[in-house]
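Two complexes are shown next, each including chain A; its partner changes from chain B in the first to chain C in the second.
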Partner chain A sequence: MPGADKETDLTERIEAFLADLKRGGSGTGPLRGSGEMARETTYLLRRITAQARWSSAGDLMEIIRNEGRRMTAAQPSETTVGNMVRRVLKIIREEYARSRGSSEETEQQESLHKLLTAGELSEENFRQHFVHLKANVIEAINELLTELDGTTDNIAMQALEHIHSNEVIMTVGRSRTVEAFLKDAARKRKFHVIVAECAPFCQGHEMATGLSKVGIETTVIADAAIFAVMSRVNKVIIGTQTVLANGGLRAVNGTHSVALAARHHSTPLIICAPMFKLSPQFPNEEDTFHKFVSPHEVLPFTAGSTLIENLFQCFILLRLFTKVSVTPEVINALSV
Partner chain B sequence: MSSRGGKQKKGNVTSEQEEEEQPLQAVLVADSFNRRFFPISKDQPRALLPLGNVAMIDYTLEFLTSTGVQETFVFCCWMSNKIKDHLLKSKWCRPTSPNVVHIITSDLYRSLGDVLRDVDAKNLVRNDFILVYGDVVSNIDVSQALQEHRHRRKVDKNISVMTMVFKESSPGHKTRCEEDDVIVAMDSKSKRVLHYQKTQGLKKLQFPMNIFQHGSDEFEIRHDLLDCHISICSPQVAELFTDNFDYQTRNDFVRGILVNEEILGNQIHLYVTQDGYGARVSNLQMYDSVSLDMVRRWVYPLTPEANFTDQQGQGCTHSRHNVYRGAEVSLGHGSQMEENVLIGRDTSIGANCHISNSVIGNNCTIGDNVVLDRAHMWNNVHVSSNVEIHQSVVCDGAVVKEAVRLNKQCVLAYNVVIGPNLSLPEGTVVSMHHPEEEEEDDDDEFLSDDQEVGHSKDKTRQKAFNPAEVGPEGKGYIWKASMNDTEDEELAQCLWGLVLNPDPESDSESEASEESQDRSRSVSPEIDDVNAFQLEVLGTLQRGLEENIVCDNLVLEINSLKYAYNITLKEVMQILTRVVLEYPFQQQGTQLTTLQYTGSLLPLLKTWSPVFKNYIKRAQDHLDCLSAVEELFLEQDTHQTAMVKVLMKMYQLEILEEEAILKWFSTGATNDKSRQLRKNQGLQKFIQWLKEAEDESSEEGE
Partner chain C sequence: ETQTKCGTISLFSHLHQYSRKAPLTQQLSIPSTVIHPSIVRLGLQYSQGIVVGSNARSVALLHAFKQVIRDYTTPPNEELARDLVNKLKPYISFLNQCRPLSASMGNAIKYIKKEISNIPSQFKEEEAKTKLQKCIDCYINENVVLAAKAISKYAIKKISDGDVILVYGCSSLVNHILCEAYDKSRKFRVIVVDSRPRLEGREALRRLVQRGISCTYVLISALSYILPEVSKVFLGAHALLANGYVMSRVGTSQIALVARTFNVPVLVCCETYKFCERVQTDSFVSNELDDPDDLMVTRKGKTQLENWHDVSSLGLLNLVYDVTPPDFVDLVITDLGMIPCTSVPVVLRVKNLEQ
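Here is the complex of A and B:
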């Protein structure tokens, strides 16, 4: 039974992916970049499209929706996963519409009035069977994948527009996108980068090493020095985990202070974020957006003997990401 | 399914070495083989007790799966049906699980040793495997330890049999179990364990000198290690357990390997991790600390909100100060969840409650004005208003009526009802099972659950509850903490893992007799074992004399004693010599004259000469025997003249050879006293005589 075999293979892969998400990279920081996460999710979704049993777009969407729900529930802090699921759902809808013959324009140009009066047109519309739908959808997902591969480069290409010679630029922690962005600019311009180390994981160190390797003048500062140094900085360029629907960010711990300092000194703040980081989510509840990891980085377990335990009463919470209430007025430019 | 996946992988990477490809296996022992959690564990096996609302065995399985274990053998004994049911329902037994779980049940397992012997008998493991208990909570990534282990085995041809995983934590750390406290001497470079000793109850620690003479120049003696009870074992471990049927626990095994290191050539290594968390819930004290550690996210990513067991409706949200709330939790007006609180699904909490450092299960109801601190409530618990609970465990279905106060370290077992208006003193244990029932049930403890329950219900009806103890509406029996027979004493200290009678003398002594087995070789430190052994030998000889037992049988008995007390051959001989020589004093008092002494001793020597001959074979043995004789006579200096006669007799009986005696005489003198001894006239003459005899014989030979 090759069919059944395929199916079990598929579920196995999904389970492995879910378990991976749950383990969330053992807590010492985001091990995989969101770019990689987005690609992996898309690969998996393509596999589902190719191997799952479905006869119409409606079925497929149902399957992907269900799996997507499980994936997002497994690690709610990885918004990229949810974004990619939504993206693939949109692809299916588009491909279905194209197969049915209706051009994209008419679909998009439906007036509000039409939408209101049309009633329940959505679900049963996807029940028609098309022979080439599968191939088309997979083709479209492949396009998405190539697009994902190119995002960092696309952002980096804009670097020269933002970075000028002899500027002092501050960044915080490590972001692959920002790294590529700065490196791209360094090919033509000379500038100075100040990296806030982003304790306790200190990914800033890694970032600084990476930058200095290509000959960028780099300085690492402690997080506490951000405000003091900010007056000398011409531009702040940071990455983010997610861009929320209200324009706020969910970024690595320490970004908030950088943003506030930048605002105080009226320093431009540029966020480098690829498309798949734009999330439709709203920061509703204060705490749900934080990702807490083990307190081990701040207070070694060994030190947790009675005395210290009583002193600290374990107020040691490690936030990997803080929601930054950086509203659009604080953000000056968003490279997408 | 994953076995199929494994095969596929094999096909792809055939170029890689065979060893690497085999799926990683684990042996999970879902039984504690002790009664630490009694009477809670009477209704539920320990592995299924909830920790942070998830059964402990799930933590262990998740740990194994996340380290890449592909095949796990779960061994169950006590209440194996329940464990089996639980596992079959869990995600581990789904066909898509990357970790294939095999459940093996038998009522015959009585110890870890039995399990591993069965592993060997069934030939389950083919390669290195991970050995854990079903109550280990950990997030340690053992893959590095595993790599080191494999590397060592490749380099040194299977010498290393086990790698134990330890976590660094300072002495006195809350998560360090008093009972498991160990001190380890290790070689810093090779990470080899040289000495391993439990420290519980010991005031003095002794290290045999020979561990420092192994050639390596860096040693560490560490007391900052928390035993995670995770060990990476070679397949030989199972075989070694089979070979040594007296190994019961891992402790026995480790000691056995270390003591016999020179003979068998096996070594044990250790792996110390700084990050990662690993602890075994071995008693309620540990339960309390591990539960709190879990809520404080030390075991990340195994946190309550991760819902790693994939159970429907188990998810919860996490917010500041480590407050976790499940679905449908209702919190009354003015109630505060201060910090480190986990509240299960469908639980409702009344008004003006203060909750801190507590775990509350599913479907609980809690009244108004309740104070909970370090309370561990399981599912379906009802707590009325004005209750205070401090550091206690409240099991499933228990009811706490109004105005009850549970002081520290109370335990309310399943379905107990307490109150109203009562304050339970510290350390009270209440259970629906009558304490006396326990002994009667002892034999049939492996009956199926249904029978057991019905059985105990009958009894419950027979005996009335004591309203003074459990309150006017209470149901349950108090388990007295201070009963005098040993098993109950054990129980008393075990539930919370605290030693209730910290009488240092008796404690250290009783421990010492158990613990000192591993102090190997060197003569002086082994007072307790050696003393005990000496007494036993004396008893054996006495009996032998009275009942005219054949010497062969005596030898047999002494041999078995030797194993029981873990005595080396050298010591056996010294002790034997000593016992025999002291025998007349033992029997007739110390006031004997030398003449009387020799008179009674020499026939004894004749009777027991086969026993001596059995032990004295090599040249070294002779010397050891002689030095023992010497030692004794140095102590009994009034009888030194008897020494010659003893030596003479032993020579005549061919227990001792003349060469050995001569050698001993010429070289053995190490201090003034022994030199003095050698100047003894009789002895001089004896030696003279021996020399002449030798010359004669050699002349004859020519």
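Here is the complex of A and C:
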């Protein structure tokens, strides 16, 4: 039956995506950028909308919610997955409301008055069936995908407003958004970039080679020299993995030290983050916020025979993500 | 010339640019035949990184000078006091070219020169030489060995049972303190913070674990994660400057900064012979540049920065030291007692008066 084939095909794709998520998180698989992850998630959600069996918006939302829960459980550190699922759920709700005929404006403005007086909205169970709902939802998801494709360029377009000539800019590790941002500014301005390498994966090296290829004067420094060099830095521009609901960041290891050093020297700290990195989570779940990978990168198992004998007494930690708290004192500008 | 191509390295163009590849004697202006062999060996050990650490370098220097004095003969019509000092000058420039002198070495050299000039002219050569060697032994004993004992005594008062102590890199003094405290049956555990490219923390880790102290090893980027567990931070120093700044291995200021944010006490352990009359407010005006090729790393068979010499807009910066402002440091433990950072000029004045 064609229906069943479509279903098995769909479940296969979902399973493959989940397996990829689980594998990609251990640091051994290819390190995917968040943009790619967001796009893949949206493609998958569009496929689910197109191929899964559902009759009303409520069913579809149930299906997507379940799949979304499984995806976030597979890799809790990939918050873009959860963010895209929430975006798609919002799209479905909007399209449903539009199909029902209620005007868009009244739906969107959730004033306090409305919350107190509205009775019917809370009884909304999205059970009505609309013929064109599927097409509308898919069209809206396509719009979302176009928006995703354009985020890096939109951010890069603002570069000239933030960077003046002969500046020294510091950045940490590797961020595709910041790389595009700096490359765009380099077309019209001359400035220097100092890249902190971010041991042990040293993504900063890749960033530096990428920047120097377009002629930006780049210097690579070790993580330890961040405070030493900070007194000569005019701005710090970094990317992040997630922007939390309180304005804090979940970013690569070492970002907190950079933020503190910048605050000490009163250097402005600018974050470049696309919309899909904004998350409604708060930084209070200690176990999912720090991501640990194998300590082999820090201290290899073969590092000296005397070390191996006593290794059972040693705990070696390698942390991938950190969280930066207290936004207003630390972050000066958020470029989305 | 290749190192000064990058615009940002121009920040450090006033410092000697480093390259380990060029043979040492090629760069030197002094022919090495005039230099005493133990000094040549010492210079090589410094430049190759075989002798590292402030104390180790000073002690090695003093031992080499003892050898030089032993082999010295006063030429006719010359006075030992003046001639020996002149003999030492080219040796010191040679060592400076191998690797810039540390503050402790500078102070040791000043002491020796003073002792040599103070040799009474009626001393016979043998007498003078024995006296000088005794002075050197005395200096090492007082300022390194006994100072370490005194500092341990004070520091152990600050270590209580159940402490979690954070150390950075490999400081001989801090390792000594921790081993002594462990021998005196204090119960504590240590977190060793390390940083690329030198990775000196591994040596500290090895020494502490061999003693039986339980350790955790992290890289400096994990600092803000590990600091909430820490009760104290012990740092070693390369020199203490007259305005209260602490000059130490690069990364120390970062640790002090983040520790201050988490309200963890920072204790710096430093012998008084490392106190220095210099004043410095940032890490640029006087620093040491190490081999930039050390920053390269090969991961999964690929070295990203392999051809960085060919790319004109790419530069690598490998700093060795940095300065920590005194507001980040809570206490300095010296052989004269526990003092705040700002008391350094007082100690220097007292020492000058004594001499």
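Here is the rule we use: the second predicted complex is superposed on the first by the 304 of 336 C-alpha atoms of A that agree within 3 Å, B and C clash if a C-alpha of one lies under 4 Å from a C-alpha of the other, contacts with A are read in each partner's own complex, and residues count from 1 in each chain.
To be clear about the criterion, a residue touches a chain if its C-beta (ideal position, glycine included) is under 8 Å from a C-beta of that chain, and two chains touch if they have at least 3 such contacts.
In this text the structure is predicted, and so the values were computed from the model without any measurement.
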| item | value |
| --- | --- |
| Broader residue contact with chain A after superposition on the shared chain, chain B or chain C | C |
| Partner chain in contact with A:His256 - chain B first, chain C second, else both or neither | second |
| Chain B versus chain C as contact partner of A:Pro283, first or second or both or neither | neither |
| Which of chain B and chain C A:Pro200 touches, first, second, both or neither | second |
| Interface residues of chain A shared between complexes with chain B and chain C | 303-304, 306, 313-318 |
| Partner chain A, residues of chain C touching it in the complex | 6-9, 11, 195-197, 202, 205-206, 209-210, 212, 214-226, 249-251, 253-254, 257-258, 261, 282-284, 295-297, 299, 304-305, 308, 311, 313-319, 322-323 |
| Chain B partner contacts - residues on chain A that touch it in the complex | 8-9, 11-12, 15-16, 19, 22-24, 26-28, 73, 285-288, 292-296, 300-306, 309, 313-318 |
| Residues on chain A engaged by chain C in the complex (per definition of touch) | 168, 192, 194, 197-202, 205-206, 208-209, 212-213, 215-229, 231-232, 253-254, 256-257, 260-261, 264, 290, 298-299, 303-304, 306-307, 310, 313-319, 322 |
| Touching residues on chain B, where the partner in the complex is chain A | 1-2, 5, 65-66, 95-98, 139, 141, 167-175, 224, 274-275, 277, 296-301, 303, 306, 308, 315, 317-322, 339-340 |
